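Common to both upcoming complexes is subunit A, partnered first by subunit B, then by subunit C.
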Partner chain A sequence: MNSLIPQFVASRHLFALTMRRQLLSRQTLACVALSALCALIVLAWSRHSDPTSKKLAEQVLVPTFVAFLMPIFAICYGASGIGGEREDQTLIYLLIAPLPRSLTYFVKGAASLSLVGGWTAGTLFVLCKLAGKPGDELFRLFLPAALLGALAYGCLFLLLGAVFRHGTIISLVYWFFLEVLFGNLPGIIKRVSVAFYVRCMVHDAAGDMNLGPPGRVAREMFLPVSGSTAMITLCTATICLLIAGMVLFDLREYRDAS
Partner chain B sequence: MSASLNAVDGPLVEFRSVTKWYGAVIGVNDVSVALQSGITGLLGPNGAGKTTLIKLLTGQLRPSLGEIRVCGQPAHSARARRHIGYCPDADAFYEEMSGRQFVRTMARLHGMSSAEVQDRTEQALSEVGMSDRADRTLRGCSKGMRQRIKLAQALVHHPDVLIVDEPLNGIDPVGRRELMDLFRRCAARGQAVLISSHILDEMDELADRIVFMGRGRILAVGSLPDIRAMFAGQPLQIRIACRQQRELATQLIGWEHVARIELAGTNELLLQVIRPEEFFARLAVLVVETSFDITHMESTDATTEATFQYVMSAAARF
Partner chain C sequence: MQLDQAGYRTWDGRRRSPWWSCLAIVRVGLNLIFRRWVFWILIGLGLLNFLFHFAFIYLKATLVIQNENVAKFLDNYKVTGTGQAYADFMFAQASICALLLAFAGSTLIGSDYRQGGMIFYLSRRIGRWQYIVGKLLTIAAVVTIVTTLPALILYIEYGTLSNSIHYFLDNPRVLAGILGYGAVLAIVQSLMIFAIAAWVPRTVPLVMTWLGLFVLLKGLADAMRAIDGNRYWLLLGFWDDMHRLGRWCFGSLDEKRIPSAGYCLAVLSALCVVSLILIVRRVRAVEVVS
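Right, the complex of A and B next:
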């Protein structure tokens, strides 16, 4: 009991420290710039002669937000949660602090995931507002899937940042090959990608709009899972990745930290 | 000083048959050593295992075999880290912070209340002589200032065991003297101070005990005179300043303890002496009985550096 209060105080401070350092970092500049670019795309699209929710989802939100911005937010803040400390050589100060390592990982992860979730929800809200009336309807449909996807991505990239020395680069490589390439391959191989489950959730939530890959063949090759299965998969992946990260961080020896 | 120190029986730090492997490479090999309050110097050439020993002690690495206890707790546990203050060699900080903010941050990571953070931070900054300069951003600080801030963060929670890796790098001579005084004050308070350093001269006057490491093993542990005494068969180098240089040399040359005599300048003799204790006793009698005017006498190889050379050359024979 005696050590719980100092641990709580230290954890609270570590959370605030991580949030502050992450927010005032290069990653935030990258997120602002890319979000602004997507906002310009949405503004340009809103001048469309016949803007509908279905077109907004298929032409803008899925390709720019779900497939691009959301993983980028997760890479920016997730991979740098522990990975940034390693690159700055400041990880040593966390390793010698009297906090259990798994708790350190959890607190850093909670701070990073809060930022990933905040950016995801905030940017989705702004993009939908800029799109006008079609966007208002889509925000409600996209938000749960986007948040769950962002958290799953965040936990995955946090883990990669903790395990590999150049976590950000490895996260980018992972995202490009497994999410972008594999995620668009026909068949069930795409089921290893987070984006697949996000899209399944969105398609399921927006059933009335008949969202999905264009064309009959593409639809048949997509082999979607139900919305609830996708949601359970994303939740399970998030929790498992977080626990795996806590265990690995606890056991791992950082020889590069001096 | 934390109250925990009084509650601990036995050594503050204990390595029990500790071995650490990095794959097929051995980092430290069957190391058993205990640290008590006082200053202990950790010396050894590159690759000797000093860094591995420090990383094991600070819980960054886990031993492959054996165990390490800090104030009775396993070294890799969070409870043990409450007793440890570590000043790393790497010159890395949260660069956007000021020195004061950095030390406060580290105090908060030790779970202190706001009032405690304030008090302990000012106390630590004052101890390292940075109270009036700690508001400067760390990226604008000199190497010496950064070194002091790093030391302040290690002291802020009043650790029982202070581990400092190359603490005098980048510090000017006046600063070195101040930091050496600080380490002595820590030792006087009952803290165990482990200093890993390549500056052997400073260890002569600073360390109560030396741990010599080589090839992953502990080669020798003890005070410098004790370690030097292990090499009694090795001639001791002595410099004597005497106005009657040649007359004294004539007397000494017949002694069986004196292996070699060299005249240096107009009034100095450089001797190599076997069984020094017998030599000093006989020399004292000679000086009393005759009128030799000896103004200065010193051993030139009872230094850390000379002892280090002895230890390393002895180790190389095995």
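Right, the complex of A and C next:
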């Protein structure tokens, strides 16, 4: 019991330090700039004739927010959670702290995931508000899927950042090849991508809008899973990835720590 | 301690122009990238598309001998020796190249700012222009390896597998197009990634800014165009501007369609000038810390 209190205090400090370092950084400025660009797209879209919720989801939110901005936020704070320490050569200070490695990873992960979740929810809220009435309706439909997707992405990129030296670039390669390319291929291969489950959750939640990929063939080849299955998959993936990261960070020997 | 004891000695040979140092910077830069296994993974993934086209051209060449109708059927898929096919191939390669440049920008430029490489380079007998040109040539070489070189190999393969040299004689525009589109990609992308990496040297924000410029500006361009149908808004999408200019090099761009190649060239030139100004302002031997 006596050793738990100092560990808790140290974890709290590490959490606060990680949040502060991640938030007060150039990547936050990049996030603001990208969100502002996205907001401009939504503002331009809202001036179209006959703006509807279905069009907003299919033309703006899914291709811009779900497919691009959400994974980029996760790369921004997830991959740099441990990867940033390696890049700055400050990982040695993290490793010599009197905390179990798995706990260090968990705390860093919790701070990074909080930022990823916060940015995702905040940006989605702003985008939906800017879109007007169609956006108000979509916010509550997109929020659970976006949050779960962002957390799954965040855990994955945190793990990649901890395992590989160029974690950011590996994350980028994963995002481009597995999410963008495989995610758009017909058949069940797209089930390896996080974006597929996010889309399934959104399509399921907005059942009466008849959302789906553009084009008849693409719709027929999409082969969605139910919303609840997608939710369970995303939750399971998030937890498994976090545990895998904790175990790997605990076992791994970092030769480039300083 | 005397200087000669420390290993210093005078140089009596003929001094060459400092511009030769650009080649040394290119060599060192390429070595730096080639040493990383991430680069080879990206190159491998990038070459998948090339291998597909390579095999398809071979297949078509074989089928032409056996059955010309099947070859005509394959032509519908544009995996042929036409200019449009090469333009589309290079466009696909350029998207993989964007990922590679995010890595190259971080390794070649960003690390010079983060780890003091810039001060090392500029403490030699070279000016900042030699440094800038050397780094730009390195990035341009990476772009050429991924886009222009595979397209040239496909062009040679297609011509060689036809029964005569008429393909080369009849399609000089294709060769000019490959070189022209390659030059557009190399010049614009190298200047842009250098400018971004010089101001945002850390990997994560660099990647975000680099990809955001290409993906979101295109989205904004499409959204603005859809308001009143004004196609000049499409000029905001730099990626598509490069593609249009590339297609113009191949002679497959519809000149009546707005925006024309001239507008794209003007926008990309302005972008290059802005990038160059940003680069020159940032490349300094001494950093003033306030």
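Quick note on the criterion: the second predicted complex is superposed on the first by the 257 of 258 C-alpha atoms of A that agree within 3 Å, B and C clash if a C-alpha of one lies under 4 Å from a C-alpha of the other, contacts with A are read in each partner's own complex, and residues count from 1 in each chain.
Rule of thumb we're sticking to: a contact is a pair of C-beta atoms (placed from the backbone, for glycine too) under 8 Å apart; a residue touches a chain by one contact, two chains touch by 3 or more.
Bear in mind the structure is a predicted one, so any value in this text is a computation, not a measurement.
In the superposed model, A:172 makes contact with subunit C only, not with subunit B. By the touch criterion defined above, A:44 reaches subunit C but does not reach subunit B. When the two complexes are overlaid on their common chain A, residue A:30 makes contact with subunit C while staying clear of subunit B. In the superposed model, A:84 makes contact with subunit C only, not with subunit B. In the superposition on chain A, A:100 makes contact with subunit B only, not with subunit C. Of the two partner chains placed around the shared chain by superposition, subunit C is the only one that A:76 touches, whereas subunit B remains out of contact. Note: no residue of subunit A belongs to the subunit B contact set and to the subunit C contact set alike, using the contact criterion stated above.
Every residue of subunit A that touches subunit C in the complex is listed here, in rising order: 25-27, 29-31, 33-34, 37-38, 40-41, 44-45, 47-48, 60, 63-64, 68, 72, 75-76, 79-80, 83-84, 87, 166, 168-170, 172-173, 176-177. Touching subunit A in their complex are the following residues of subunit B: 22, 51, 55, 58-62, 78-79, 81-82, 84, 86, 88-90, 92-96, 105-106, 108-113, 153, 165.
In the complex of the two chains, the subunit A residues touching subunit B come out as 3, 5-10, 13-14, 17, 21, 24, 88-90, 92-101, 253-255, 257-258. Residues 36, 38, 41-42, 45, 96, 99, 102-103, 106, 114, 200, 202-205, 207-209, 211-212, 215-217, 219-220, 223-224, 226-227 of subunit C are the ones that touch subunit A when the two sit in their complex.
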